[in-house]
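Note that chain A is present in both complexes that follow, paired respectively with chain B and with chain C.
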Partner chain A sequence: MSEAAFFIDYSRCIGCEACVNACAECDTHRGTSMIHLETIDRRDSVQTAPQICMHCEDPICAQVCPADAIKKTPDGVVQSSLKPRCIGCSNCVLSCPFGVPKYMSGIDQMMKCDMCYDRSSVGKKPMCATVCPSGALTYTSMEEIQRTRQGIPVNSWKFGAEEVKTKVYVMVPREVTRVEIGLVQIHSTPSALPNDPYDVALMLEGME
Partner chain B sequence: MQKRIFPTTGSDSAHAMTWGLIAATSLVIGIFVGSRGLRDFDPALVSYAGACVFSAFGLGYRYAMWLRRPPTRLYWYRGWHIFLDRKHFMRNVFHLGRIFWNNIVLQRFIERRSHKRWMAHWFLAWGCLLAGAVTFPLSFGWVRFETSVDNQQIYRAFMFGIPLGSFRLGTWIAELTFNILDVAAVMVLIGVFFALWRRGRDHGAMSVQQFSNDLTPLIMLFAICVTGLFLTVSTHLMHGLYYIFLSQLHAITVILTLLCLPFGKFFHIFQRPAQLGLDFYKRAGAEGPQAKCIRCGQEYGAALQIEDLKTVQAELQIRFQMTDGSHYQDVCPQCRRKNLALTQDALWRSTDMSKRGLL
Partner chain C sequence: MAKLPVETPELVRVFGPTLHRVPGGGWTRTTEDEKLVKTHCCFCGQQCGIQLRVQDNKVVGFEPWEDFPFNRGKLCPKGVKRYMQDEHPDRLKHPLQRVEGVGFEAISWDFAMQRVVGEIQRIQAAYGKDAFAVLTGASLTNEKAYLMGKFARVALQTANIDYNGRLCMVSAGAASKKIFGMDRSANPWSDIPKAKVILAAGANIAECAPITTDYIWQARENGAKLIILDPRMTPIARNADLFIPVRPGGDIGVFNGMLHILIERGWIDRKFIDEHTTGFDQLAESVKKYTPEYSSKIAGVPSEMIVKAAELWGPAPTSFLMHARGIEHHTKGVDNCMAAINLVIATGRIGREGCGYAMITGQGNGQGGREQGQKCDQLPGSRDISNPEHRKYIAGVWGVTEESIPQKGLSAIPLVEAIHAGKIKGLISICFNPMISLPDANFVREALEKLEFFTCIDFFLSETARYADIVLAGSLMEEDEGTTTNVEGRVIRHRKAVTPPAEAREDWKIICEIAGRLGYAEKFNYVSPKEMFEELRVASKGGVSDYYGMTWERLDETNGLFWPCPELGHPGTPRLYENGKFGHPDGKAHFIPVEWRPSDEMPDEEYPVILTTGRVVSQFLSGTQTRRIGALVDQASQPFCEIHPRLAEKYGISDGDFVKVESRRGNVVVHAKVVKTIRPDTVFVPYHWPLDRSANNCTNRAIDPVSNIPEFKICAVRLSKVDQPTDAIAMLEVQAGGVR
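Moving on, here comes the complex of A and B:
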């Protein structure tokens, strides 16, 4: 049995927010959830998607950090910014192709998912994968994921001309070897819509 | 192709070596001139001064190397450029005073992270700075003390050979002057105690801390303080017992720490003031036009920073240009996250449709 790895399957997310709440229990970022849970197009569907850090092999967040504050552990986990060094510039927040790092203005520091390093470094599952009821976030062996899912896990991405390899895998159809990101437009954008005070979807969109 | 704003030339290590030598040479010249041609230089402190010269070389080298990184270089120059802008210079000076007070003196941003962390850091930082403010000028021969020629009870202080003032032995000012390093040592020990207490009980900190990076600096500071306090104990309570051995032991701990300044955690002392420059950059960005996401149309950052990031990315060979001519950097982080799920969705949909012969 191979070593455990993290697998994400956006299509399985049911938006229960168990991952969001469990994440806040992690000791490395107590009380602050690092998971992003997006409602994709609130007006037209109930589709939701979680986003954890994908832990890039050559993290773009670390490359653009002027303070050299983002480090990767020997086992490939990209950590939150080092507290003594982070100057809160948000370069990482704006550059991460997966939109993961969060700038915490109160403490003037970037924080991000560190795969619950207090747990995963001793062989335990990250909190989100422990509680996810639908398997959208799964921490298991490669053999197990291939045995139980229709698709295959890939960790190769392309954003424009930039190729990115990640420690975390995404589940895709068997024919796919790399996820090429194009810009999938949404049907309606809050800024393009007329200002309607009774439009709840629009109001919630603005609150995100 | 983005244009390079602050290009670099030559090899990184040769450039850094040059700055290291400039820093070390400047210090040697400073010691020579400040001690009036070594007349005020105390030979007993030559090992400390020598370690400082090595440390200055290392710090110059590391800082220059750090500034060679494209994002660091860009922010460093941008920060200075915005600060020195003639139109807002006086406003910037006042703002600098305010953020220096809050961020460097009071260290408020650490207090918001955790009171225990702030307490530890405040005592460590100000204990070390107080000790540094006393020992560096003494080791360089910039400050010296001597008894008055006509009265052995009067002590006189000189800086660069200029008389600063005098005080009588046995007064509170004399006690404070002679024991200022003990005060600094106690402050640092309080900081070390709080830091180790937190690091020994915080499960989060325990999982990510490294012995070399997080604990070694605390151990070194602890060693300096304890061996320094031993000197006072030896003098006042033990009639000078083992004083020479203890002074050599203390010198070794201080010299080792000085040599470690350019490496690991200690280097953040020199990196951290960059935060002040960034504050001006952020302010200029907030006052200028804002970038709008090409997908949702919402504002998501300062246009100044987004354009600078494209320049930095080009220098780092990060190629976010899309095939349709747009730039991925112009998509807000939230839309990027939504886009990932929609892309995966589209992959399943297209595979399903092609299997059913619809594509």
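Moving on, here comes the complex of A and C:
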């Protein structure tokens, strides 16, 4: 069995926030969660998505850090800012394409998901992926994920013209090789999308 | 007396609910001298394995228990944060006495016991034995559930004991008994991923049984189709192959309509029906009229959905049907469940790998809590209190005469009605918060206020305990040991992590002392819950839920055993009904035809909208525990009214507005949450909150004639946009019933 990797399957997420709560319970986090749950648009859907750090191979947060405070471990985990170096400028917060780093004003420092490095560096699973009751967050081997899932893992992203490779994988349909994220003007392109797929009233049309 | 001694805000100031955010002793790193106690979550029927981190008799955190087979380390947010109950500032640490105009003051155990025993004796002498009632709960361990049943029948000799499982599993249980001849989920959860079609009805699995989600998603990875019935698009429904947004109370339309098509298209198992069932011809006759068109009118969904459900369910090689409170909380709750179960039996897909049926238990010991004799009509081992043979056996175990065991008493709702009518004068309750969990909350409050004496065993001063004359400080789950029976019928061990704080006592010690002072010391001289389990084993022997072959040592070795387990060498029974052998004396499953009928209160011109109630993922039941945990309250800080934009528009309601949801019985004022994911004829309010934020101010006391479950899932309401309330209750913290 190869070494464990982190896989996110947004289609499995049920929005329970077990991940967010468990993150705060990791030995080094002392009650502060380093991850968050995105509620996509509650009016239209119950879709939610957990957002952990994706641990980019070439982390933009570290590139833009003027204080050189963000370091990557040899095994590819991007760490929180180093306390003696971080100047609290929030460049990293603004630059991350996934919206991960958080500036914490109380300690004037950027903190972020470190994949529970105290756990994952000694062979344990990160807290969030251990407790996740839906399997939306899973920490397992590549063989195991391929054996048990219909979708496939990818770790290649394109944001506009920017290509990003991440340590964390996301599960996508088999035909997809890269997650392409273009610019969408909010509320302007309804024709490109199915019309309100989760509107219960539309499902019942023709009843009355 | 049973009236509030002082105004609610003063009680809240002293006893909470207040929010606990930091573990006892502060945030500490895992150290080598700390103890990891393998036990289970105190909340829902999934009973997830969890390890509690213990330092200096304090629970300081948790560590996932990945080796426990049911949840393999997985937890929901409630499980993650449950340990925050320990070292909680609101924890009751002494017995309390009500003092008019003051509140509650700490008293000695001796004084508390004298009061309680004196009042029991006074009331029973003046009004008869049955005038003192017992209300219990399905979050109690098997040992405590057994003890409460014996306490009522032997020490109090009252017929009137019932439990809050009456609000939970009784419809499912009654339906299973009628058709299968047994009351238990038929399969271990490991059968779910092997099914090729799954039908989940009235089950918000993602929020109420989150751990089951992974089992369902795994089935889908293996190619299963998923059918969901719910008036709301729940997180599970979002990715279902077929989501049927059924009208509350319309489920029979879908089930009978499906069966109609299954028969018409030959998707039934004739051989299985002939060999292992009775009553199919009457059933087939009864669904003849349930054409897709007729069924569609009852279900309130397009007929194509019912046809598609039949097409997915009918030809599948394996299947799993599961349901929960959504179809059970009805005046036809038992019928709803039976109509669903008929689909399982007609296709013969039961009792083998990947073929099954389950009711998703709500409370921690939702299964075991309904087997050990704390129901009004039941003796241990799921025995029938009106069956002379059953009475005789239990009389033998207890060492009492058969005649001394009372007959069937009142179930929870009629019991509260009898209090209201002045027929029951005294009450002892444990593990039950009727001020929040029973329907028609104003009526419940009036009833409590009429009691001459009310004593309550609790670890926090719940909204109900505020009405008590004497509050007896009991124990949290992790402060005692015992067993529970999880959603699968697996009996598991809860292990003691810490001792109760200060003068608080283990619940069973409190009950045993009351029994002793009433003159029954020799029948209640247990030295440990283990000793109670040894007696429970014998009491259950030969019953339907037979635990005789289980010992705590065996449970420890096996990670739990499934009943029936009749002999010490018996491996337990994870899957019921193998080889078509059912629980009835004839060994067959009994089909029962079901005819749809309207709910007790249907919408009309005056109250035109349907209210349905339910839960959110971060809160549990009446919230006595979860409304005291900071992170869980942050996640869902106050109740809300889910309303479709089309309905909201009719009333000029926008997202976030305050809306008054009002029935003939009462109202609740909450924020509107305008969402397209609910039927436009229905609104939803979760019920975990108290006072003016209680959805149960509106709900209906009408009960199912067989199971006596109340009709929580449908009542008629009207809606109006209102200003933000600013009264004293509204100004309380949100966890206490305030609004922001």
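The rule is simple: the second predicted complex is superposed on the first by the 182 of 208 C-alpha atoms of A that agree within 3 Å, B and C clash if a C-alpha of one lies under 4 Å from a C-alpha of the other, contacts with A are read in each partner's own complex, and residues count from 1 in each chain.
Rule of thumb we're sticking to: a residue touches a chain if its C-beta (ideal position, glycine included) is under 8 Å from a C-beta of that chain, and two chains touch if they have at least 3 such contacts.
None of the values given here were measured: they were computed from a predicted structure.
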{"item": "Chain B versus chain C as contact partner of A:Cys132, first or second or both or neither", "value": "second"}
{"item": "When both partners are placed on the shared chain, which of chain B and chain C touches more of chain A", "value": "B"}
{"item": "First (chain B), second (chain C), both or neither touched by A:Arg30", "value": "both"}
{"item": "Partner chain(s) touched by A:Gly123 [first = chain B, second = chain C, both, neither]", "value": "neither"}
{"item": "Touching partner for A:Pro74 - first (chain B), second (chain C), both, neither", "value": "neither"}
{"item": "Partner chain in contact with A:Ser11 - chain B first, chain C second, else both or neither", "value": "both"}
{"item": "Touched partner set for A:Gln47, first chain B, second chain C, both or neither", "value": "both"}
{"item": "On chain A, positions contacted by chain B and by chain C", "value": "11, 13, 27-28, 30, 47"}
{"item": "Parts of chain C lying in touch with chain A, wherever the complex brings them together", "value": "21-22, 27, 29-30, 61-62, 64, 66, 71, 73-77, 79-81, 206-207, 210-211, 213-214, 217-218, 220-221, 232-239, 243, 245, 296, 300-302, 617-618, 631, 635, 644-646, 655, 673-680"}
{"item": "Contact set on chain A toward chain B in their complex", "value": "9-11, 13, 26-30, 36, 38, 40-41, 47, 49, 51, 60, 63-68, 79, 83-85, 87-91, 93-100, 106-109, 114, 117-118, 121-122, 151, 159-162, 170-173, 175-176, 179-186, 189-192, 208"}
{"item": "Residue ranges of chain B touching chain A (in the complex, touch as defined)", "value": "66, 69, 71-72, 74-76, 109, 112-113, 117, 202-204, 206-208, 265, 268, 271-272, 274-275, 278, 281-282, 292, 294-298, 300-301, 305-306, 309, 312-313, 316, 318-324, 326-329, 331-348, 351"}
{"item": "Chain C-touching residues of chain A, taken from the complex the two chains share", "value": "11-18, 20-22, 24-25, 27-28, 30-31, 42-48, 125, 127, 130-135, 148-150, 196, 198-201, 203-204, 206-207"}
